[in-house]
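Going by the order they are written in, the chains are A, B, C, D and E; count residues from 1 in each one.
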Amino acid sequence: MTFHPAVLTAMAFLMVGGMARVLVGPTIWDRLLGFSLISSKIIMAIVVFASMLERTFLLDIAIVYSLLGFIGSVLIARFLERRTEGEE
Amino acid sequence: MIEVILLVALLVLSVMAIESRIMRVSIVYLGTLSLLMSFLYLFYNAPDVAIAEAVMASGLTTLLFLTALKRYRVYRICFTNEAFRRVNDRYIFEGTRRGALLHEIEQFCIARELEPQVVCTPESLDLVAGSGRYDLIIRQEGDELRVYGDKENYFVDELEVLLILRYHDLNVRFIRSGDPVEEASVAEAEGEAS
Amino acid sequence: MTDERSIVSVVTGLLYPYVVLFGVYIILNGHHTPGGGFQGGAILAALFIGRYIVDPTNDLSITRAHLIEKAIFAAIVIVPAGFILTVAAQRVPALHEPYLVAMNLLIGVKVAIGLTILVFRYAFYEE
Amino acid sequence: MRRWLIIGFVVLLMAAVLYAANRYTDAAPQELAEYYVERFTEDTGARNAVAAIYLNYRIYDTLFEALILLVAITAMLHFFEIGGKK
Amino acid sequence: MIYAIGQGLVIVSLLFMAAGVYGMLALKDFYSRVVITAKVDTVGLITLIVGVMLMHGLSFFSLKLGLILIFELLTNPLSTHSIAHSAYTSGYKVREAGNDD
């Protein structure tokens, strides 16, 4: 097994660790935390994958995630917060 | 190798997203599912689809699901324990007896189409009750669990019967009180009328 | 509360022009690299979601946006009907690349406007 | 009981589909795909095969897709009239 | 030589990220997990991207990697901060990880 596939496999195991927190986590914020961790892991996996194939255009997807990936978790976090404060 | 791991993860996540009864948790599952799926599209040499999946999943579908979810009513449960000054996550886990109780209350809420949200805090009871954010407050004092709820609410009536029947070993006691603000306003109105 | 509002809005405002730039790059480079009209339009629509996070005010006239979308759809029908479905496509091969760029641009703007209408309609009027 | 029936039905359906997919292994004719993959650059001037196909070879698909998006949004604005009047 | 240094940095970043994931799974209360995710994960990200940049030398690829690094440094702590702030304002206040039951 060469270098890049080994790194990708290790990263898949790390993703499974984050997914365990998403599945187990007692509160919803724990699940969100696992979600944001998996999102950053995905970016790094895309970087390693593009480096393995030496294709520059594959990095566009990583740029999309790094620009827009936080919107999902910020939206869900805002939603939870507003639900608990808005009805006072 | 990575392909097999991610495909199995996709299976687990999709089954959990359908089976989970709390809608907001389902949204988080679906977000994770689209993250992993986007990488798999990339792995199968379809970068166009991967970009579309990434954008749609991160912003658009999440906002649509959350807007659809605004119609659900959230039932807020607060677990407070001021005696120990420390409240840990283990209070919420399902393994312990208290965790089983909280889990039972959550299932009870879900059966009546309410979204339960459990929050765990070491603040004092006055502060928690004064904020007026919570529908049900569970407070631990030594070996006793005291549950504070509304006075006139048939939901709390049913919950009281259930908890006293099943969890008598935890010394559950129910204390029913009306909203203090409402009581004051009612008293004022009565005074003006007389 | 105000603290969190300010930091999220500051960072989103910093990223705003780059998202516009990147969406336009995806649209205009759609015939060379992965991407194209739909993906770039979805990025531009996600931009408006970022704007919704920073400042949830509703100042989009949905009727006017819908009118613009209809006009762009007419253009999307007319451009291929005038070029690719006639004999001009075989006669003038030099026009192929401008045609691809123009179609990608039109589809991108249409998808961006359509998804923005959808999202704003659901975010502001669904109570 | 009803739930288990549904689960059993879905599992049976999945087994049937997998069996059928594995039974007939002959693929579709490859000439058209090979033609597209070899000739798309000189035909359309694009370097991305996906763009060449959805903007040139299969332009009707793209047109009706755009029409579908337009019709969906028009119907949404028509049936829920709150957002349309502004 | 530089290629080998880049590979070493990638492996170091994997160790960092493994530490972050282990901490997120093993720690007992929420705010410790937030700190672990915000800090250790960002360090792993910086190390990995610098390692891959070293593996590729000066090229367009490295320029795009630098862009990703800048954007990610802006947005990754932001999402974690948003989650922690949402939990705090919702009343989820766990003071410290103790073992007294």
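Quick note on the criterion: a residue touches a chain if its C-beta (ideal position, glycine included) is under 8 Å from a C-beta of that chain, and two chains touch if they have at least 3 such contacts.
The model shown is predicted, which means the values in this text are computed figures rather than measured ones.
Asks: Which chains are in contact with both subunit A and subunit E?
Replies: Shared contacts of subunit A and subunit E: B, C.
Asks: In the chain contact graph, what is the shortest path length, in steps, from subunit D to subunit E?
Replies: Minimal hop count between subunit D and subunit E: 2.
Asks: Quick one: which chains contact subunit C and subunit D both?
Replies: Common neighbours, subunit C/subunit D: none found.
Asks: Please work out which of A-B and C-E is bridged by more C-beta pairs in contact, and write that pair.
Replies: Most C-beta pairs in contact, of the two: A-B.
Asks: When you take the mean of every protein CA atom shown, which chain's own CA mean is nearest to it?
Replies: The most central chain here turns out to be A.
Asks: I'd like to verify one number: the distance from the centre of subunit B to the centre of subunit D, where each centre is the average of its C-alpha atoms, in whole angstrom.
Replies: That pair's centroid distance is 38 Å.
Asks: How far is the middle of subunit B from the middle of subunit E, if each middle is the mean of its Cα atoms, in Å?
Replies: 28
Asks: Calculate how many whole Å lie between the centre of subunit B and the centre of subunit C, each centre taken as the average of the chain's C-alpha atoms.
Replies: For subunit B versus subunit C, the centre distance works out to 38 Å.
Asks: Between subunit A and subunit C, what is the separation of their C-alpha centroids in Å?
Replies: The separation of the two C-alpha centroids amounts to 25 Å.
Asks: Give the residues of subunit E that touch two or more other chains, as numbers and ranges in rising order.
Replies: Where subunit E meets two or more other chains at a single residue, that happens at 30, 71, 75, 78, 82, 85, 89-92.
Asks: Quick check on subunit D: which residues sit in contact with 2+ other chains?
Replies: Where subunit D meets two or more other chains at a single residue, that happens at 50.
Asks: Can you pull out the residues of subunit B that are in contact with at least two other chains?
Replies: Residue numbers touching two or more other chains: 47-48, 50-51, 55, 58-59, 63, 89, 117, 119-120, 131, 133.
Asks: Can you identify all of the chain pairs that touch?
Replies: Every touching chain pair, ordered by label, is A-B, A-C, A-E, B-C, B-E, C-D, C-E.
Asks: Taking the complex as given, what residues does subunit C use to touch subunit B?
Replies: Touch list, subunit C to subunit B: 26, 34-36, 38-39, 42-43, 45-46, 49-50, 52, 115, 118-119, 122-123, 126-127.
Asks: Over in the complex, which subunit C residues touch subunit A? Could you list them?
Replies: 8, 15, 18-19, 22, 26, 33-35, 43, 46, 49-50, 53
Asks: With touch defined as at the start, can you tell me which subunit D residues reach subunit C in the complex?
Replies: 44-48, 50-52, 54-56, 59, 62-63, 66-67, 69-70, 73-74, 76-77, 80, 82-86
Asks: In the complex of these two chains, what residues of subunit B are touching subunit C?
Replies: 47-48, 50-52, 55-56, 58-60, 63-64, 67-68, 70
Asks: Would you pull the subunit E residues touching subunit B in the complex into a rising list?
Replies: Those residues of subunit E that touch subunit B are 28-30, 90-101.
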